[in-house]
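These are the structures in question, set out in turn.
Shared chain: chain A. Partners: chain B in the first complex, chain C in the second.
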Partner chain A sequence: MIEKLQHFDRRWIFLTLFIVLCLAVIHPFQLPIAVEPFVQKAYNAIEALKPGDQILMAFDYGPSTAPEVHPAALAMLRHALSRGAKVDMFTLWNEGYPYIQDAIDKVCIPMGKKKNVDYVNLGFKWGGQSGAGVIEGMGSNLKAVFPVTDDGTPYDSVPALQGVRNFHDFKLLLSVSAGTPGIDEYVRYANARYQIPIVSVVTRVSAPKEFPYVTGTQIVGLCAGLVGGAEYEELMHHPGAGTAGLFALSVANMAVIAFIIFGNAIYFLGKGTKKP
Partner chain B sequence: MSTQIIVWIAALLTLCVFSFLYKDNVFYKLAEHIFVGVSSAWLFATYLHSDIMEDMLLKAFPSAFHQTSVPDWKVLGGGIIGLLILSRLIPGFVILSRFGVAFIVGFQTGIQLFDTISANILQQLGSTIVPLFTRKPGEMIKNWISVVGTSSSLAYFYFSKEQKGIFGMFTRLGIWFLMISFGAAYGSTVMTRMSILIGRIYFLLSNWLGVVKI
Partner chain C sequence: MRRQIPLIIVFISGFTMMLDYFFPSLPVVHGTRELFLNWSRVAFSFAMLLGVFTLLLSNLKKIALQQSGWIFNAVLILSFAVTFFFAAQYKMTPSGSTWITIKGTQVGQTGYQIFQTVYTPLSSSIFALVAFFIASAAFRAFRAKNIEAVLLLSAAIVVMLGSIPFGDLLFNAFLSKISSIPFGFSLYNALHLSQIFGEHPVSWLSNQIQQIPMLAAQRAINFGAAIGMVFMSIKILTGIDRSYFGGGES
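Moving on, here comes the complex of A and B:
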């Protein structure tokens, strides 16, 4: 029996996980959500914005990581707009462009915010592998990097961008990042050189790497993955995709832990048996 | 159930990719090839439009695009440097490509030197220099863990002294800190992959089948 289990077909694990997750998604259960201090700091930084404050928001991610970071991006955008801040959105990833439009459709328009007045879609700008040139360019002259908005409106004709020249005119840089160029490049080029405070949303896998940057002077607040999104939605009292996915994620984690225990138990029980 | 053909295509391609978990098959290969082809085409089109059309040709020759702005000839410099890199494809002109590569390496080094030292070394060092004795017990424990963890992990990579005795014990402590951080990174990786899988399942059950409403 133990020998049979030692050669357990791993495809059963995939199938079990798929069925368990489908059930968790179809029948969700509201779990209590404890907010991490880093998420609270991110919330506080956006809560401190005053009406008319300018913030930059970078959508540097694609379809492969959107389920993780997009819920937090929507929650933060909703929060910033509710504070009366003007949000200028852009992306250095070509795959990130549709998510700006999705955010406008799901957050800006339902909130009754006006295009080019309350929010601006600056669109996509290829920043190279490091993004250094574009970020440095934005720091010194935003208009030179984005001479027109996504809909072709000249920079000088956009009401929201009147008087905005470079990073010094922004209260906050909100970086939703899933790789390079992303949060590391903003810390290096935007924060180190122009001292612009950064609030970031990152994937859970890159979160341990970014924690040391949450020093108060580099990254002021951080939301990590789907869990971070759910926590931010909890602070906003506005449940969304993050909260919806949290139960399924918890079930998935429990299933993985159960499989690890199962695998180890089989290993130790079968230690005395002969190898085939 | 969705009536949009694009949702059906996305859902069927998702199932094709999932089918690899059973075993390698023709449906997975089909999805893989479509993914590579579409990604390449999308990248080419966006970079052509963004870099070559908008950032170079439109600025250098605005009248050709019915624009009234003043021509900015200096943007052609970037185009020439880019073309120099392509000279690698022409036998006898390979050396020209080195000028383009040299410019890119020089630019990146110059722009990164100051900022990387500032952001990744000086400010991070500053965050490690913390008071070890404070009135708040929680903060004090956190600071001790931060200082001991950083110094013992760094000590593990110091190979000029044999790792035995008290120094050996200290470096073994460093291994523990490293293992805990690797464990946290691995746990985070699992959570990321599960989140992405949940996103796909939501797509199948919500956008495609309409079983779940978000």
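Moving on, here comes the complex of A and C:
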């Protein structure tokens, strides 16, 4: 029996996980959400914005990681706009571009915010693998990097960008990223040189890499993955995709833990039954 | 000269950026830096075009020679052509840009729909498969074979449980169970553990693991990588490392 279990067909594991996840998605339960200190710091940084403050928001992710980071991006955008801040959105990833449009459709338009007045879509700018040329350029002259907005409106004709020259005119940089170029590049080129405070959203797996920056001074708040998004939505009292996905994520985590325990139980039982 | 000119360009542009970082008020250096940054953005745009051109050329060559798996190269070329055709239906006007409309349909929007309905689900699905492989690996490979593995396993389980609300729910349910067992709950209270852990004991422990030993290790890794990056940059700027020329020369 133990020997059979040791050579357990992994397709049963796939099937179990699939069924468990399907059930979790079909019948979700509301779980209590405890807010992590880093998420609270991110919330506080955005809460401190005053009407008219300018913030930059980078959507540096693609479809593979969007389910993890997009909910937090939407929640933060909603929060920033509700504080009356002007949000200038851009991306260094070509895959990130549709998520700016999605954020506009789901947050800016329903909130009655006006394009180029309350928010600006600067679009996609390719800056190479490191994005250094674009980030450094934005630091000294935003207009040189984005001479027109996404819809072709000249920089000088955009009401929201009047008087905005470089990073020094922004209160905050909201970086939602899932790779390179992303948060590491903003810390390196934007914060180190121009001291622009950064609030970051990253995938859960890459969050530990950013902990030294959050406990330091480079990043003022961090939302890690879908859980971070759910926690931010909890703080906003506005449940969204983060809260909705939390139950499925929790169930998947529990399933993996169960598989670890099951695998070890078989391993130890197998050791005990081994013939000398 | 084929080698010297790129080296001179790298040296001058690299040191200009460095000088401007330390002396930002020098107008000549700052102006040159701005110029180099503009050039870099233009160069990157052309590099992207060059990448597309190389991709098409290498795939077309494989199709022409009917190399093994050429059908996949054909699929790539076809997908590229269709997506590019629709996404490029965009026209600039003095008041802004707009999608080109043919017979009342904004054809450029089709490019966006291709992204939303084809690329997004495919990309998400491929990434989602990772969860299944993690589950399988968790069952087969994550074994408590020695003391190091036990430590790793325990830390992983605590961090995984601490990352989701289930962790605290389970632990609190466990506490309420042991309150009925003599000495169990009283020991927990006697050690003032509830005051230390608060309402979210597993999250608390998970945060402690991540913010003390793991943070220390991460800082050390970051610091080591940063020092390595500084020396690598100096080697590239001074022309000692020329591997970026290609061909393995160093």
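Note that in this section the second predicted complex is superposed on the first by the 269 of 276 C-alpha atoms of A that agree within 3 Å, B and C clash if a C-alpha of one lies under 4 Å from a C-alpha of the other, contacts with A are read in each partner's own complex, and residues count from 1 in each chain.
We adopt the following convention: a residue touches a chain if its C-beta (ideal position, glycine included) is under 8 Å from a C-beta of that chain, and two chains touch if they have at least 3 such contacts.
Every value quoted in this text rests on a predicted model; they were computed, and no experiment measured them.
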First, second, both or neither for A:141, with chain B first and chain C second: second
Touched partner set for A:25, first chain B, second chain C, both or neither: first
Touched partner set for A:163, first chain B, second chain C, both or neither: neither
Which superposed partner A:267 touches (first chain B, second chain C, both, neither): second
First, second, both or neither for A:51, with chain B first and chain C second: neither
Touched partner set for A:112, first chain B, second chain C, both or neither: neither
Partner chain in contact with A:133 - chain B first, chain C second, else both or neither: both
Contacts of A:65 with chain B and chain C, given as first, second, both or neither: both
Which superposed partner A:249 touches (first chain B, second chain C, both, neither): both
Residues of chain A contacting chain B in one complex and chain C in the other: 14, 17-18, 21, 64-67, 125-126, 132-133, 136, 193, 204, 208-209, 212, 215, 227, 249, 252-253, 256
Residues on chain B engaged by chain A in the complex (per definition of touch): 18, 21-22, 42-43, 46-47, 50-51, 107-108, 111-112, 114-116, 118-120, 123-124, 126-127, 181, 184-185, 188-192, 194-202, 205, 211-212, 214
Complex contacts: residues of chain A adjacent to chain B: 11, 14, 17-18, 21-22, 25-26, 64-68, 94, 124-126, 130, 132-133, 136, 187-189, 191-193, 203-209, 212-213, 215, 217-218, 224-227, 240-241, 244-245, 248-249, 252-253, 256
Complex contacts: residues of chain A adjacent to chain C: 8, 10, 13-14, 17-18, 21, 31-34, 36-37, 62-67, 95, 98, 101, 125-128, 132-134, 136-137, 140-141, 144-145, 151-153, 193, 204, 208-209, 211-212, 215, 227, 246, 249-250, 252-257, 259-260, 262-264, 267-268
Chain A partner contacts - residues on chain C that touch it in the complex: 17, 21, 30, 33-34, 37-38, 40-41, 44-45, 47-48, 92-93, 95-98, 112, 115-116, 119-121, 123-124, 126-127, 131-132, 134-136, 138-140, 142-145, 153, 156-157, 160-161, 163-166, 168-169, 199-200, 203, 207, 210-211, 214-215, 218-219, 222
